[in-house]
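Each of the two complexes below includes chain A, the first together with chain B, the second together with chain C.
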Partner chain A sequence: MNYHRIRNFVGNYVFILPAFLLFFTFSLYPFFKVFQLSVTNWDGISPSIAFVGLANFKDLLTENPTFWVSMKNAFYVTFLALTVQNFLALFLALLCDRDIKGGNVYRVIFYLPPVLSGIVVGLIWNWIYDGNYGLLNHFLAFIGLGDLSRAWLSDPKTALLAVSMIHMWRGFGWGFVILLAGLQSIPRELYEAARVDGANSWIVFKSITVPLMIPVFILVSILTILGTMQIFDIIIATTGGGPGYHTEVPITRIVATMIGSSQFGYACAMGVIFGLILLALSMVQIRVSKMMRQI
Partner chain B sequence: MNAAALSARPEINYEKVKRITTSFFIHAFLIVISIACLFPLWWAFASSLKTQQTVFSDLSLFPKNPHWENYYYAWTKADFGLYFLNSLIYTVTVVIGVVFVSSMAAYAFSRFQFPGKNILFLVIISTMMIPIPGSFIALYVLLNKLHLVNTQIGYILPQINGQLALGIFLLKTFFDDLPKELEDSARIDGCGRLRVYWHIALPMARPAIAVLAIFSILAVWNEYLLAMLVLSSKNFMPLQRGLMVFQGAHVTQYPLLMAGIIITVLPVLVVYLALQKHIIKGITAGAVKG
Partner chain C sequence: MRYPLKFFIIFLLVLSLAGCGGLDKKELDTITVWHWMSDRDEAFQELAKRFENETHIQVKFELYAPSESYTQKIKAAAQTNTLPDIYGILGEKKDFASFIKSGYVADLSEDLNVTAEGGTWKNKFFEKALSVNEFLPDNEYAVKPGIYGVPLDVTAIKIVYNKKLYQKAGLDPNKPPVTWEEFLSHCKVLKENGIQRFVSGFGEIWMIDALASNYAMNLMGEERVFETYEGKVPYTDPDWVRVLSLFKEMADQQILVEGAVTMVNKTAEQTFANERAAFAFNGSWCVNVYKGMNPNLEYAAILPPRITSKHPMKVWGGAGGSFVVNNKSFRRGSAIQFLKWLTQEEQQAYFAGQTENLPANKKSVAQISPILSQFAADMDNTTHPNIYPVHEDHEVIEAFDKGIQSILIDEKTPEAVAAEVQKVKEKVLKRAHKP
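Let's turn to the complex of A and B:
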């Protein structure tokens, strides 16, 4: 009896042991290790690690303008993604929700860019934006706007916007698919009932579609924020953060601090601060949405 | 204007004309967006068939003399064959690992009672929601300590772990909805738990496993950051890393670079087009329910 119970007890854990081991080694340990390293000056190699208290954080907050420029850049891209990209996604979803012919074909096409990697997308657009042979410049010359042509990704005036466009090109199909699914889960009877009562399209949209879609809007916004703030692959494949620091984003800064200048402790502090900002952003987003729902 | 002119004639149904014109403009808009989605990929493909001399001047979308040999050179001389094989190995091993490890854990979380079960489940699932943008630094430090930097296993294990939360979540939800009777009767007949899991539960979970596998395939095939940190020798590099290495070394060899890109994209396209229904169902089910 007792033997049986022990066997049973051990058996339970045999099932979760592999997951448990992987999770503790590769998720939980690094998670806590980041906090531990963030208060040291470790260079990643030397055996001696000196505790420096909050010095890394103090330096980050007061004497590291580059990091905050990278944060500002990420906010810029995120703002565009939240507005331009998501409104386009919503508009397309509303169009495709109208039982149009070939709706599924459009959905398959729009979701194609999101399944491509940031590296592939970045490298292709790299060439389209190229200053000498780029397709965009050829096109501008063709329509008589040759004066506008430039090296889009290495001109400080356009680099960040150009990168944002690539990011939005890759991202809108993802928002589209989720928003469309949300729209399609709204019972059709609601629309018909409102129509019978004489409501026009705008009133139907405002008083039925929007309120029912708020949970989906929240989800899409939060995932857009988290995804866009952590943008990395597209940057690495196009500008690498340049020209100057014009397209630097937090992850490129963290990687540069870690590999480029071997400041592992400092890079961890950047990771902690950035993580806290992301957490705060999602909290604010949830709070604001809750308030909006009450109105 | 068109609609107004037509509706002046009494025999034409105004409502119908309005519907047709609206639908025309909707489709025109959707088609423009579709072209914007497809064009860059097609442009990369067309460019991969041109030569180093013509690629800058020849803007044709259907090159007259397609240079398919670019693919041969990309595959052999530019090492994309090697990278492709590596990507394939990583994807297959990670997907197999994820399916087994997470299905076993999900089965235990769904069926068994043991102390610490709920808290453990919550902690694992919470890693899906909480971003820890610096943790790759500590992960690198750990792999270094374990002598796993620049090894295949050092690139595989963290990625299995990376998909675990999704896998456990997906499969536990699936097992929860599955009737237990079959498993119970097998247990009464003296079948051990591992055998019940292996012969009964796992085969029944095939639809959920398919969704998990698809998302894992895409995630692993497209992964870059970890490959950049962990792998430094060419023999271990996957395609995404190989593309960046090639671009760094031969920045102007566009036809070969584009061929490499198409080689990288093609498997993704095949998987996506073959399984797009599952993929779209997968993202929307999670999103709309959650």
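Let's turn to the complex of A and C:
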């Protein structure tokens, strides 16, 4: 290799060095550090860290029912978000895909909730759900259903559902925007040709819209799963994980373990297991979607 | 092209060196203080100015709120050795011990015991306030005995009641409940008059813990509570079940404001300040909060109504906010000098007047408001987990407090919660005894 070739070779790498350094420092290093800390009993303060092997993982898998309750709660919210939230987003996207009057205004309105901070959304809904002076209870009393009034966030029967509703209200805007973009990328000629052939709206939706939207559905589903499983700010602003453990989710458990009880190593083990579950979920999702595409 | 490149590199080096030289002596001598007390920041800034005028040493107060974010910040700073000259440590005593053992906290015992004008620095403080920063000989964390922090103010967490609502219900506003039975009967009268009874931020589980441990101390006495922490008395003991049953009685008689189980204390404070509840369980900091929310609120502070006279009713209290000095700081001496100045009578009186908090300096108490005096009245009966000789594991505390939430929402019985907590306790004990 002559001097010029070496200079070009080194030069190329020098150009990507800043990006690599940033990626290494803020993504790769923390990622591997979490694995390293998950096998220690570090308290987050002491410079000395003791290796405990797989003890944290063993305890998590066999003796920590609370973590698995939080996981179950996260799955519940995710299931609702995947179904109710995304169907609502699709329905609204289909409506806005037509040339309706004021379509742009609706787009802005539907996209507003995701722009708001989770804490602000939580505080607004706290007021709506309030057991004494809440808007929801007032509305129920107004329509003659006052018997249903309750403190929605403190009642174990409704707390998780109430939190899920907030999350879905805040989250459907993302799905709406992505699904609308997907719908608008479908060539209009296909619809026109189908109409000429005598297809009704349902046949058009089933035979043209759905098959062409599958990649978009995959994207929206993966984003919904990853986003919802990591729900945190709304919980903190509304119930704090209570009453009891009814609205605890994995991230609230990880934060409580890390900051509340200073078990940094144990919290990292929670993070590793949670990350692996999310990875497995995403892989299953992609696999199922590929199978659907083949059908 | 080579010369311009060399020139450019030299220029950059000169520029960076010039940047380093930019720190003048004043900036190098500036004491940096990190804190989380947003309600006290204005007073701190003013006191910093006064200190600079007197000593020509600049003090920079940096506020990081809320307290959860602050806790994360100091832990991250400890990991990177970038802690400021003065800071506060929030959380459990074991965290405090970790900071000390890692060399991030200066032992102030010697400075506190130096006799100067008007006695030692140590004697100026309420004993209880200082003790949360003290590690006694043979402490469970194996920390060298000493005093490692200085209190700025003191707190006491008590029950407050609304005098106007009491009058409205036909109750004597000057005869608040002293016993648990009286409390229940007063609640009944309040209910009959359409007045909501009791509010507290039970969504923040440490508040549940504070009230429950008040009653545990009252019913069982300190010794037996500590024996429970040591694993000698089970949580299934009838006394512990009785403590849990008090919350069951509260649930059965609908004493708690609806939604209080997941309510943060700020909302509970709003509810009480807006006269929507007759009782609240809150700390002395509430005086400042209520004053801001409703200056016309007529209320008084009392001890939680006792269930027995066998043991005294102990309430949580002691140091509200404390500062420690970074042992690795090269401004350690001037940082201690500033803390000494900050806790003198004059500064403490100003601080208490501005923030409506109880001063840590005993002599400044003479200048506080009557309602604050009511909080200060039972300072001898205050206690705090940070001064306990033994400490309960966080996992057990959480199971206990979450269990009380379950009792309050009528989901579990006191016996079931006691059994669950004991199971967690046994797991923790087993883990602790592993080699």
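As a convention for this text, the second predicted complex is superposed on the first by the 271 of 295 C-alpha atoms of A that agree within 3 Å, B and C clash if a C-alpha of one lies under 4 Å from a C-alpha of the other, contacts with A are read in each partner's own complex, and residues count from 1 in each chain.
Keep this in mind: a contact is a pair of C-beta atoms (placed from the backbone, for glycine too) under 8 Å apart; a residue touches a chain by one contact, two chains touch by 3 or more.
Just so we're clear, the structure is a prediction, and the values are computed from it rather than from any experiment.
Superposition of the two structures on chain A leads chain B and chain C into a clash.
By the touch criterion defined above, A:162 reaches neither chain B nor chain C. In the superposed model, A:177 makes contact with chain B only, not with chain C. Of the two partner chains, chain B is the only one that A:29 touches; chain C does not reach it. Residue contacts after overlaying the shared chain place A:12 against chain B, while chain C stays out of touching range.
Within the superposed three-chain model, A:44 lies in touch with chain B and with chain C [touch as defined at top]. More residues of chain A lie in touch with B than with the remaining chain of the pair chain B and chain C.
In this superposition on chain A, the options for chain C are 25-33, 79-87 or 223-231, and chain B clashes with just 79-87.
When the two complexes are laid over each other on chain A, chain A has residues 44, 132, 259 in contact with both chain B and chain C.
Residues 68, 71-72, 75, 78-79, 91-92, 94-95, 98-99, 101-102, 104, 196, 203-205, 257-264, 267, 276, 394-395, 398, 402-403, 405-406, 408-409, 411-412, 427, 431 of chain C are the ones touching chain A in the complex. Taken in their complex, chain A has these residues touching chain B: 9, 11-16, 18-20, 22-23, 25-31, 33-34, 37-38, 44, 92, 95-96, 98, 100-102, 106-113, 115-121, 123-125, 127-128, 132-133, 135, 138, 169, 173-174, 177-178, 180-182, 185, 216, 219-220, 226, 230, 232-233, 236-237, 250-251, 254-255, 258-259, 264, 267-268, 270-272, 274-275, 278-279. By the touch criterion stated above, chain A contacts chain C in their complex at residues 43-47, 59, 63, 126, 130-132, 150-151, 153-156, 159, 238-240, 242-245, 256, 259-262. Chain contact summary for the complex, chain B toward chain A: residues 23, 26-27, 29-30, 33-34, 36-38, 40-41, 43-44, 47, 55-56, 59, 100-102, 104-105, 107-109, 112-114, 120, 123-124, 127, 130-142, 157-158, 160-162, 164, 168, 193-194, 197, 218, 221-225, 228-229, 240, 243-244, 247, 254, 257-258, 261, 264-265, 268-269, 272-273, 276, 279-280, 283-284, 287-288, 290.
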